[in-house]
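Below: one structure in structure tokens.
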Amino acid sequence: MGYLIETRNITKRFGGLVAVDNVSLGVNAGEVVAVLGDNGAGKSTLIKMISGVYPSDEGKIFFNGQEADINSPMDALAIGIETIYQDLALAENLNVYSNIFLGREKTKKFMGFVPVLDHDYMHEEASKVLKKLDINIPSLRNNVRTLSGGQRQAVAISRSIYWNAKVLIMDEPTAALGVAQQKQVLDLVNTLKDHGIAVILISHQMHDVFEVADRIVVMRRGEKVGDLVKAETSTEEVVNLIVGSEMVK
Amino acid sequence: MNSSLALSIERSKTLRVVAKNWAFFFLLFFLILFSITGRGFLSVMNFQNIVHLSVIAILMASAETFVIITSGIDLSIGFVMGLSSVTAGKIIQILYNSGNHSAGFSIFIGISIALVLSLIPGIISGIMIAKYKVPPFIATLGMWGITNGIALKISNGFPVAELPDSLTKIGNGYTLYYKPGGGFSFFGLPEGVGNEHIRDYIRLIPNSFLFLAIVLFILYFLLKKTKFGQHTYAIGGNEDAAIRSGINVKKHLIIIYTLSSFIAGIAGIFNIFQTGIGNFTPFGAMYELFAVAAVVIGGASLMGGKGGILASVVGVLLIAVLENGLLISGVEPFYRFIAVGLLLILAIVIDELFPDLF
Amino acid sequence: MQNLNNHTRTGLLLKIGRQWALLFLFIELIFFSFMARGFLSLNVFQIIFFFGTAVFLLGTAELFAIITGGIDLSVGYVMGLATIVSAKLIVAFTKTGMGPGLSITLGILLTLVIGLLPGYVNGMLISKLNVPPFIATFSMLGISHGVSELLIAEKAAKNLPQLANTIGNGYFLYYSKGIGFSFFSRPEVARRVKVVEILPNVVVIAFILIAVFAFILNRTKFGQHTYAIGGNRDAAIRSGINLNRHIIKVYMLASFLATIAGVLYTLKYVTGKADAGASSLLDSIAAVVIGGASLYGGKGTVWRTILGGLIIAVLETGLRIMGIPTFDKYIIVGIILITAVLVDQFFPERTYKE
Amino acid sequence: MKKALMILMVLLVIFSMSANLFANGQQDKGKDEITMLFMPGVADPFYYMMEKGVRAKAEELGVNVIVAEYPKSWGPEVQVPILEATVAQGGVDMILIAPTAIDALVAPLKKLYDKGIEIITVDTFLGDGDYSKDSDYSFPLSYIGSDNEKGGREIAEHLAEMIGKKGKVYVNSTNPDVSSVMGRVKGFKEGIKEFPDIKLVGVDYNMDVQQKATDQTLAALQKDPDIAGIFATNVYSSQGAYQAVVNAGLIGAVKLATWDATVDMINALKKGQVDLVLAQKPYEIGYLAVEWGYKYLHDGAEVPKKVIPGFEYFTPENVNDPDMDQYIYK
């Protein structure tokens, strides 16, 4: 079986600048691939093409072996590609389960014809998915504002999982977190892997990458310069690829 | 916010209830205070009057609540109210005085057209705000002048009078009249009560209460129980997140401003029932600013994301009770401006101290 | 990628877009020159500036608050309070037997000091207690209004010295045939003899002050920090700006400018009035926004604000000279204001801080 | 940017200088055509009525009329800019103005007077309203308007009669710094002093907002439930106080004397809900102002310094009299 999600020779230009140049990348189900690179290396642009924010100029994206026509974030969501941005996109003034159901609230009929929010259902479903992912949040009726950074990350991830994410793109999930909370998030990534989710992880933290990733892709100036299996590489090799010292395989 | 304080409040159930509903407890406090200082304050009649006269302010505050939760502001509601009141008045006047139509029919047609008309300013400001990113402050300020100009043109600057009497009979009537020892009567004084006996009757439950209860229930329901309400909060909390979760934020904002304008239109209709004439809004009335103030006292934030209909009602009543109480206690009128200003500041400072609880 | 599109727009269009406010003003001037009999005259331009001073001053006050991402709703009633305080003080000083010049000077100076107080309170509430600017200054609006009415209820300040009137309604330069030029005082001529009056004193005073504040905003560290706070509050704090102190200063400055507007009102109308500035508040905010500032903070300049104020003042004056019926005028002004801001939205990539 | 602004300024000055000469020529027009400017005090029905009177008489005499923009609120800072801009279109021979302040309007009007424009003040006046003795403010030709203090006194007498010369009375007024309205209050206070058994329990100011007037009157009725009579001093006070009495259910039990005859108040009187309505004669004031102004400008007639058209009182007895219809503001 081929990759669950795959890009073939995709390219994105902004005016004269080639932000992503002819990059092919594939991720299997249950696999964590880390994308590394210096600032401006094209990591963000790459994932934004996969998640539908930017249309690609050249190249194709395949999902489950079939060509996927991704032109907007909605298209990506529809086939199960979810992205968790650094700012998490949570409404802090709403509670945990409302965030998990944000935009796709479950309603029931009041007096037979008026649709009202079905709080009980949403609460129950939310606790199920949190349980499945081993996430511990005291009360799902608390506003997200009262949660810790790690817990918020967990809420964002469970939202994706609940809505059947098959591919999860995570942008710097551990930045701005304390050590204990980083651990929680990394544990969660491992849990996701066990559930057969394909994870694309963007990170600067070499330690995180080596803890959870199966493969490491390095980008420099828009090009893919390395695709390494974690078990067969070392920190030095990756760093050298990132900064561009010549150490061609 | 230091979480230890928040936590200790969270643990103490009583404290938590008080902190969360401080405006309500403030209201209670004032009620007790003025009952002592103001002769005639503590009476059913006075409370009924306070609420009856606050109906317009409550509707305005409800309109503003929706807008403020999305972190916007609507400055045009005061004049939309005037526009709706004058339009309804003019149509009723023409139909009724033509002699061909009954009072009921004229009133029905008048208010229907006025309510439909009151949607338009909201749609226009909504489109400007949502599609063209005009700041809400300016978009609704523009509508401010336009709606009032139109209202004045329709009425030629005179209040629209010569409307059917049934308007005020309904608007200012009571559901129940009671004479101690003399029995009850519904929807009107018994026939043949002379001037000298008027003061004997106790009037209970103004009709406006029933009207207000219905409107408030619908708005409360809309905001708290439906998807629409949930999305309103989401947009105010994190517009980006709302967009990414697939909420059509532009459409939603247009609906919000239209709704706010519509509620202001309802206020205009109520105004015509209450006064029996079609009133345009004077430029100095500042209905919108007082509505914003009441919403904020009720615990909403101008940054959006929080607030509620009932909280805003408490906010309006707090100002109304404060003003009424000071009046009845014989405080010079201009101290009231100052008192309301200080109350507002206090409201925010308290809110700022317990941010996590709202 | 809207930025990209904008950059590729033709240079000329972009230039016009950036200067749309100026263009708008020109269109107004040309339109009224043709449509309004008597519009094009020295007298009318003096009227525009003379009565515009309140909006220009309040607009500048508002601009400082808006650049920091705040707003000051109290300036109108602080101005009203200043008219009453200054009128009362001047009358009180005159009663003690002081000369008119001295009592006016003392009265004004004292008022200017008192005028810092509302701003200080606003600033403290906003910076130290985290009260949103809208609410803090709205409360201050109520408080200043209440205090003003209490000061004036049934005991208005009357009989200000004649000198106040001479300053407030006088001109810098007069010319009349036969007598020639005279400075500051109107030549004694018979009725109906034409006297050309040039540069109202009030306008001269206001513009000197506005120039000073424009300088503060453009050329000083204080101004730079004001922009920094509005642009990125966190960055400003991290770069060592004392945020609280700065915010307090900004609101004191706004209050000070409003007080100046109030003092000039007292000189013009020889009376104090609680709601003297109420009608100028919304105009002044509109002037700032038409001048390209954002209510989210970080941009806007004094000259642009004056330009915004002029767009409103020319429109109002022109429509009055044309004799547009009152109610139609309200509607037209609203529509044009919205159009102005809509035009602005089509050219979002301006850098007003040049 | 700044360069462009400087160029604009310079252009403006050059423009205006050259145009100034042009404007000079424009003022010399046919002498037989008279133009009057009507400058109302604020946008309210009272002045709309006055405009009608002005227009009617002007048409009759062939006088040109310019009606200035109605100010949004009461005050010189709103009125004077409108006045000056409207005069700037040139050709005005006479201004009929309701000055919005007794002192603040002296200088601007004097300036226009010095340019050769005649002034008549209507409804409100400059200084103390006495232009017969020489003073800074005695330049207007005449004051044509109501004698507010007299009206207040007369209302006091009527109200006293209606409540049987004893009991509590209350006043709802608009704004403590408007000379005409304060005159009414002053006159009323003087008038009520004549009746030792009547007690004035309070004066409230609603700042020209009708809803406030309702709130205040209701609170007053709550505080002193035995109030027997209410005097409301203008359109907004009247309609507001009337609403309050309706709300409190005290129609008939509280005697209501109101100032200004809007349709609403007259209807209330017809229904027996209000007991006395004083009608000023705004139509007649405007009418008289044009008439006297024309006599002065055209025939060189002497104008009396004060013209008081008096009041009409609407009572339940005369309210249906067709002759009274002309005094209703509509």
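Note that the chains take the letters A, B, C and D in the order they are written out, and that residue 1 is the start of every chain.
Heads up, the rule we're going with is that a contact is a pair of C-beta atoms (placed from the backbone, for glycine too) under 8 Å apart; a residue touches a chain by one contact, two chains touch by 3 or more.
What you see is a predicted model; the values in this text were computed from it and never measured.
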Could you find the chain whose CA centre sits the greatest distance from that of chain A?
D
Pair joined by more contacting C-beta pairs (A-B or C-D):
C-D
If you average the CA atoms of chain A and of chain D, how many Å lie between those two points?
72
Per the C-alpha centroid definition, the whole-Å distance linking chain A and chain B comes out as 46
Report the inter-centroid distance (CA atoms only) between chain A and chain C in whole Å.
52
Separation of chain C from chain D, taking each centre as the mean of its C-alpha atoms, in whole Å
30
Touching at least two other chains at once: which residues of chain C meet that condition?
149, 153, 275, 278-279, 326, 329
So which stretches of chain B touch two or more other chains?
152, 157, 283-284, 333
Could you list which residues of chain D touch at least two other chains?
43, 70, 72-73, 205
Under the definition above, what is the set of chain B residues touching chain C in their complex?
128, 132-135, 137-139, 141-146, 148-150, 152-153, 157, 283-284, 289, 292-293, 296, 301-303, 332-342, 344-345, 348-349, 352
Chain D - residues contacting chain C, complex:
1-2, 4-5, 8, 12-13, 15-17, 19-20, 22-24, 26, 43, 66, 68-70, 72-73, 75-78, 80-82, 84-86, 88-90, 101, 103-104, 106-108, 111, 113-116, 176-177, 182, 205
Tell me, which parts of chain C touch chain D in their complex?
19, 22, 25-26, 29, 36-45, 47, 51, 54, 149, 152-154, 156, 158, 160, 165, 168-169, 191-192, 194-196, 265, 268-271, 273-280, 303, 307, 316-317, 319-321, 323-324, 326, 329, 354
Help me check something: in the complex, which residues belonging to chain B touch chain A?
221, 225-227, 229-231, 233-234, 236-238, 240-242, 244-247, 305-306, 355-356
Show which residues of chain D lie in contact with chain B when the two form their complex.
43-45, 48, 70, 72-73, 202, 204-205, 207-211, 214-216, 218-220, 222-225, 236, 239, 243, 246-253, 262-264, 267, 271, 329-330
